[in-house]
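Below, chain A partners chain B and then partners chain C, in two separate complexes.
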Partner chain A sequence: MALSLEELLKLPPEEMLKHNEKPTGEQLRHKQQVYYDDVQEGMELPKYIYGPMTPTHLFRWSAAVENWHRIHYDLPFATNHDKLPGILVQGSWKQSIMASYLKDWARPNGWFWKASFQHRAMLVPGDILIVWGKVIKKYAKGGMGFVELEIGMKNQDGIESMPGTATVVLPLRGGRPIPYPFVPPEE
Partner chain B sequence: MARFLAIVTVPGITEERFREALNQVRKWRIDPRHTVLRAACSLTEGKVVVECEGVEQAVFEKWLQERGWKPEVIHRVDLVHEGGYIWKVG
Partner chain C sequence: MTQQRESVLTPEVKALIGVKGEVVECWGTVDEEYLRRFMQAIMDPDPLYWDEGFARQSRYGERITPPIMVTYMPSRLPPWEEDPITRAFRENPFSDGIGGVRQRGGLPPIPTKLVRILNAGNDIEVYKFPSIGDKVYYQSMYRDIREHVGRDGTPFLTVVVETRFWNQKNELLCITRAATIRR
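Showing the complex of A and B:
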């Protein structure tokens, strides 16, 4: 039985990691579709847990996306020049994780349509990150199921670093497939 | 923000005790405004030096006390040489 986000945040960090619901690649390949009909308002999505973050994680991302801003890998610069609490987890990494998270939930035949979020709290090595989502509204339109979500990425202390909202389009049970590429129905 | 440097006398400190005191630390970032940056230890002289970036010295002192360390002095420093650069941190 998966823990709720609230229950998870009461655990010590080393215990949190045991409740990671991130599927393996193999599990994703065989993932069962979540249908619009199965979703209820207030329902939580599986929570993905990353970390503890290390300088290696950060440097790998900086190298991959060629972001050479020193606040992401140069600790003396980050702490002494910018007076930051450490080198910072990249916002672009967090965005990519959030997109993967929502895509994973929608797959294989749903569509992660859109998301909007803010980068608020600074995350540093040592932090454990919990990616979460919660259904706040659902409606069917044009033979497709639209699910609006509250989303975010909290650290082990429950500090929300990335509050936002997203819309995922899921197929109706027995309904037509979500078209690819997805074209939103007209208002 | 300020940079604090604490000098603590810990008679008989060993590598094991130093590691034990710091391995228990879960939050180097004490709160959004205070971060312990590094700690150094002289085993032969029984001294520990700890550096903290923050606003209130009292928050740093409390963190040291939680390690069982009572600082003999805490300096507020203005300049740091590190990584080939001189940084103004005060």
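Showing the complex of A and C:
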């Protein structure tokens, strides 16, 4: 039985890692569809745990997307020049992680449609990151199930670094397929 | 007597709402190597990215890419560009590493004395995963510019820049909206 976010945050960091629900590639291959009918308001999504983050993780991201901002890999610059607590986990990495997380929840036949978030608390190497989501509303429209989520990424101390909302479109049991490319129903 | 404060949403600033940058073709294509490095950097082992046989059986009928991967393709500088890092540090030895790097398709600067820029949030909308080999195009626009007043009575602006990404078949891939505060 998966722990709730609240229960998870009461654990010491090394214990948190044992409750990581992030699937392997093989598990993704066999992931069963979550249907709109099975979703309830207040329901939590599986929690993905990353870390402890290291400068190498950050540098790998900067190199992959050609982001040369020194606050992500140059510690003297980050702390002395920009007076930051350390090199910072990139906001662009966090939003890409969130997009993958929502893609996974929707699969194999749903669709992660949209998300909106803010970058708040700074995350640094050594932090453990917990990606979470919670259903706040659901409605059916145009033969598709729309699920609105509260989303975020907390560190091991429970500090929220990326609060936001998202909309994932899930199929109804016995309903029509979600179109691909995705076409939202008319207002 | 109340002194009337000066609006920062001047007619010149307001006139930028709806103004678009040029259409830019990202350097290269959506390619295997970019995909591999990207998926490893976000630690997403999804076989839909790399297992052709598995992906062919999926609803997509082909391999996919991470949902917002294409939004980072504008960072790829074409090989004919002057080395931006060397230039940035020549101009400023304490460069933050991005200050001197121009992104193609940039929007005209906002004519304001408010120079401090703060990130106020991001929206993303996803419609399609590009295919391997796709060309990617993008265009930015000032979607919205509004004036607000801080608790201390000082006016500031919120600026929303919308960027649309599409492929060579004119298929919409995704839309991003980046909101910044100008103080």
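One rule holds for everything that comes next: the second predicted complex is superposed on the first by the 187 of 187 C-alpha atoms of A that agree within 3 Å, B and C clash if a C-alpha of one lies under 4 Å from a C-alpha of the other, contacts with A are read in each partner's own complex, and residues count from 1 in each chain.
Going forward, a residue touches a chain if its C-beta (ideal position, glycine included) is under 8 Å from a C-beta of that chain, and two chains touch if they have at least 3 such contacts.
All figures in this text were calculated on a predicted structure; none of them were measured in a lab.
Undergrad: Looking at the overlay, what does A:Gly86 touch: chain B (first), chain C (second), both, or neither?
TA: In the superposition, A:Gly86 touches chain B alone.
Undergrad: A:Pro13 contacts which: chain B (first), chain C (second), both, neither?
TA: first
Undergrad: Which partner, chain B or chain C, touches the larger number of chain A residues?
TA: Comparing touch counts on chain A for chain B and chain C gives C.
Undergrad: Given the touch rule stated above, what does A:Val124 touch, chain B (first), chain C (second), both, or neither?
TA: After superposition on chain A, A:Val124 lies in contact with chain B alone.
Undergrad: Which partner chains sit in contact with A:Pro76 here, chain B, chain C, both or neither? Use first/second/both/neither.
TA: first
Undergrad: Do chain B and chain C land on any of the same chain A residues, and which?
TA: Comparing the two interfaces on chain A, one with chain B and one with chain C, the shared residues are 74, 77, 81.
Undergrad: For chain A, which residues count as touching chain C in their complex?
TA: Those in contact with chain C are residues 24-26, 28-29, 50, 60-61, 63-71, 74, 77, 81-82, 91-93, 95-97, 99-100, 102-104, 108-109, 111-119, 164, 177, 180-183.
Undergrad: What residues on chain B touch chain A, complex-wise?
TA: So the residues of chain B in touch with chain A come to 1, 26-29, 32, 35, 37, 53, 80, 82-83, 85, 87, 89.
Undergrad: Taking the complex as given, what residues does chain A use to touch chain B?
TA: On the chain A side, the touching residues are 12-13, 74, 76-77, 79-81, 83, 85-86, 121-122, 124, 126, 157, 159.
Undergrad: In the complex of these two chains, what residues of chain C are touching chain A?
TA: Its residues touching chain A are 34, 37-38, 40-48, 51, 54, 58-60, 66-69, 72, 75-77, 85, 94-98, 101, 119-128, 171-172.
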